[in-house]
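Read from first to last, the chains carry the letters A, B and C; within each, the first residue is number 1.
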Amino acid sequence: MIGRIAGVLVTTVILGSAQAAWADITIGGILSITGPTAAQGVGYKNAFDLMPKEMAGQKVNYIVRDDGGDPAVAVSIARKMIDEDHVDAFIGPATNPTLAAVMPVAQEAHVPVVVMAPALFDVHKYTFAFDTAQPTTLMIKGVVDHMKAHGVKTVGFIGYSDGFGDQVLDGLKLGAAGSDITVVDDERFARTDTSVQPQVLKALTHKPDVMMLGGSATPGALPSLALAQRNYKGQVYNNHGVVSPAYIQVGGQAVEGVIAPTGPLVVYDQLPDSNPVKAVATDFMTRYIAAFGPQSRNAFAGYSYDAMLIIQAGVPTALKAGAPGTQAFRDALRDGMEHVSNLIGTHGIYNMTPDNHNGMDERARVMVQVVNQSWKLMP
Amino acid sequence: MDVTIAELLLQDGLTTGAIYLLLAIGLLLVFLVTRVIFIPQGDFVAYGALTLASMLAGHVPATLWLLDVCAVASALLQWRSWRGVSWALGPALLITLATLVAVRLGAWVWLQGALAVGITALLAPMVYRLAFRPLRHASLLTLLVVAMAVHFVMVGLGLVLFGPETQRTPAFSNASFTWGEVDISGHSLWVAGCCVVLVAALWWMFHATMLGRALRASASNPMGARLMGIEGDRMAAIAFAMAGGIAALAGLLIAPITPIAYDSGFLIGLKGFIAAVIGGLASYPVAAVAALVVGVVEAFASFWNSAYAAAIVFALLIPALLWLSVRTRSIEEP
Amino acid sequence: MTALLEVTGLRAGYGRAEVLHGIELMVAEGEIATLIGPNGAGKTTTLQAIMRLIPSQGNVRFQGVDVGGLSTEELVARGLALVPETRALFTDMRVEENLLLGFYRSFRQGARDQDARLAQVFAIFPRLQERRRQLAGTLSGGERQMLALGRALMGRPALLMLDEPSLGLAPLIVRDIFAVLDRLRKGGLSILLVEQNARAALALADHGMVLEMGAVVATGASAALSADPRVLETYLGQRHG
């Protein structure tokens, strides 16, 4: 009898340890699928359905949870995923408040985390954090370059009264520094405001050559509507946060001619064949549209997918160091991700270094314009 | 700032102020009759606008099914009374049929707008029946907490029903008039017109019809009203329906100016609430004037210092509350 | 004389405290009945319980029908009217609007003769006609009582229940109001009068009931009760013999 119990115990232990040795890779997704940024969250989430079920011959499990845009919820999800699901890496969060809350948690537990919004963080402090989104400065530089090429002297700015508006304005000022472009006005609005007429009236008193807008998603079209009502004739620039079909739907004729930077993925079908990103972007978007329909097309899914690609690139080295679920695996995974070079994603080409955990360059940006009510790639 | 800009700001402020005015009236009506602080009113604004947007896109609006589910639920709650069941199901059934036909035929925009207002208005008494009626003897604070909960439920449902995208509905008029040096948009005139007509209609109803007097009586002295045979439940349901309809109308008036998403309503409703509070949660005329002031202050504050516009608007509450705390009788439990 | 209102075994209270321990009372058609008793005996509670303003148990028959399960509003619809001690006026509404609200129930039942009824009420209380455009909150105490009574009469009730109509009023006004009640009785209205002023109440009423500690302890014709030594001693302030 005792022998049989001992036998069962031994078998369990062996099987248990065997299981540990061959444990699956677990990737946790923390996204804002509901809440104020729900419009983007759905795209980030859908991409998970298109991710590979295996990496380097190892089965991968994805766990996706919704934080509703609430940083406190995001933190508790992160802790739970670390303690109970033993995740090897995080994809997301993708909003600034939530990712700022989750990064310290991931750092403390030494779990790689790939965030998906332009975040300015110290890579030497948050050594486990990576970012797949184009830095705002990189994006806005495209706008400023366009302004310079067209002899613009004065710019009026209307943006969100939050960190996003600040980022766009900072990018604008940084890009304009050293040139003869001056930002003549800084107006702010909230995405729930019933009217931005006053801000537009104020900005126009400065008679700016062009207007730069710093809102995101569909409410980002509000200033354009008010500008059109005031018959503003100058060029209107917007930022990468508004480039979606829904923006044109809301803005209608008022946003015709608006110029904005965006990732190449958004206009994948208009890219010249010479574009290095085209193949990956086209493959991803074709599968995405097949799965979710043409109406679902968006830029955000690509960031999730690129996050997965960066993790995947680190997996082979990590497997040599230890089994998934162990600290050795996660440490090596981070090291591997930090040395990713020339990785072609859907949004650009990633070259990570210990000093740069984003690694994107100008190939991650194209300029687009609303022409005949759709986004057209600018030559 | 020159005169033209001041006039444009005034026009802008009065337009949004007129919308806040509608919301302030709805809020007061519900509060005075039922003691419920109608926090979800802003959500009815969004539901109204999104219902119309969805119909104009050729879909049967999801609110219609929500209405039907709520109607069946409240019919089950009062299954003992044939009258109760028919009152719960009848209007819902009628508007369901009308909407299905209208969407199928792609009827006139104004008819679809009227249906969107109707659907939203009918939803409001259901919310009363399911959430507030069981607690009608509870304290103000309990009702406030429940109102908050209803708001969160409605926002969550809104995301499921309408999706996360913002929507715009067509302006009532794209015409534009020039008056002196100022362009006046046709839509602004529509907003002002709707507001004046609605206020006049409500005034007439409150003072010249038995139903209107009964609503005021329930607000003035609930016990007295019961002794006149005025059914508190019926009055509460009517007050909710009116507030829901007014909110939906406000939604249709805002949505052409600013795109509306499932969660846009709360802050808009809050501005109406500020106006109602400045009116001491008791006075319609003071609340109406306060709403216009809120709109104008918001416009000028956005012009002078847009980063602090919201703070300036909410700061209007401080002097109002100080003044009220000095001179008003307490509006606590009866 | 047939019983218009018949109450048996009526129990009610506030929270856990039972105030009424099985009230028995009766109002006959066309009479003024009065319920007298000291402060705290449960007079107001009795009226509230009959009117279902507070939860109660027991048997209430009105016009020969059991109305125990009905709500306040339904009782009003059947012709019961209560003028409460507080008058429960709509103070921020005009006198005329208050009166018209007394007509609400009849209006819902299809009646449209509000002008005729208004004229009748104004005939009884000419003062209300003078004040018809004034807010009810600006009326004097006596006028308020007139308005409360007039408002109840607008509904043409079968039984009018009055809770302390003389409370806080000058004796002259009380006399006027009681005179009106007398005229109403002559016009065929049945009245249940709750009064602390037992002497005046018994002088007016056809029959009376004495309430003590939540139970009816004596009942009978007013004249007989007025002569009852116990009643005399306790409520009429006379030492007998």
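Assume contacts are C-beta pairs under 8 Å (C-beta built on N, C-alpha and C of every residue); 3 or more make two chains touch, one makes a residue touch a chain.
Please read all numbers here as calculations on a predicted model, not as lab measurements.
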item	value
Chain pair that, of all pairs, has the most C-beta pairs in contact	A-B
Chain centroid nearest the full-protein CA centroid	B
Taking each chain's C-alpha mean as its centre, the one farthest from chain A	C
Mean-CA-position distance for chain C and chain A (Å)	75
Centre distance in Å when chain A and chain B are each reduced to the mean of their C-alpha atoms	37
Chain centre separation in whole Å, for chain C relative to chain B (CA means)	42
Complex interface listing, chain B residues touching chain C	207, 210, 213-214, 216-217, 220-221, 223-232
Footprint of chain B on chain C - complex, ascending	51, 53, 72-73, 76-77, 81-82, 84, 86, 88-93, 97, 100-105, 107-108, 151, 155
Chain A - residues contacting chain B, complex	34-36, 38-39, 41-42, 161, 187-190, 192-199, 201-202, 205, 217-219, 221-222, 225, 229, 246, 249-250, 252
Chain A contact footprint on chain B (complex, rising order)	1, 5, 8-9, 12, 15-16, 19, 156, 159, 164-168, 185, 254, 257-259, 261, 263-264, 266-268, 271, 298-304, 306-307, 309-310
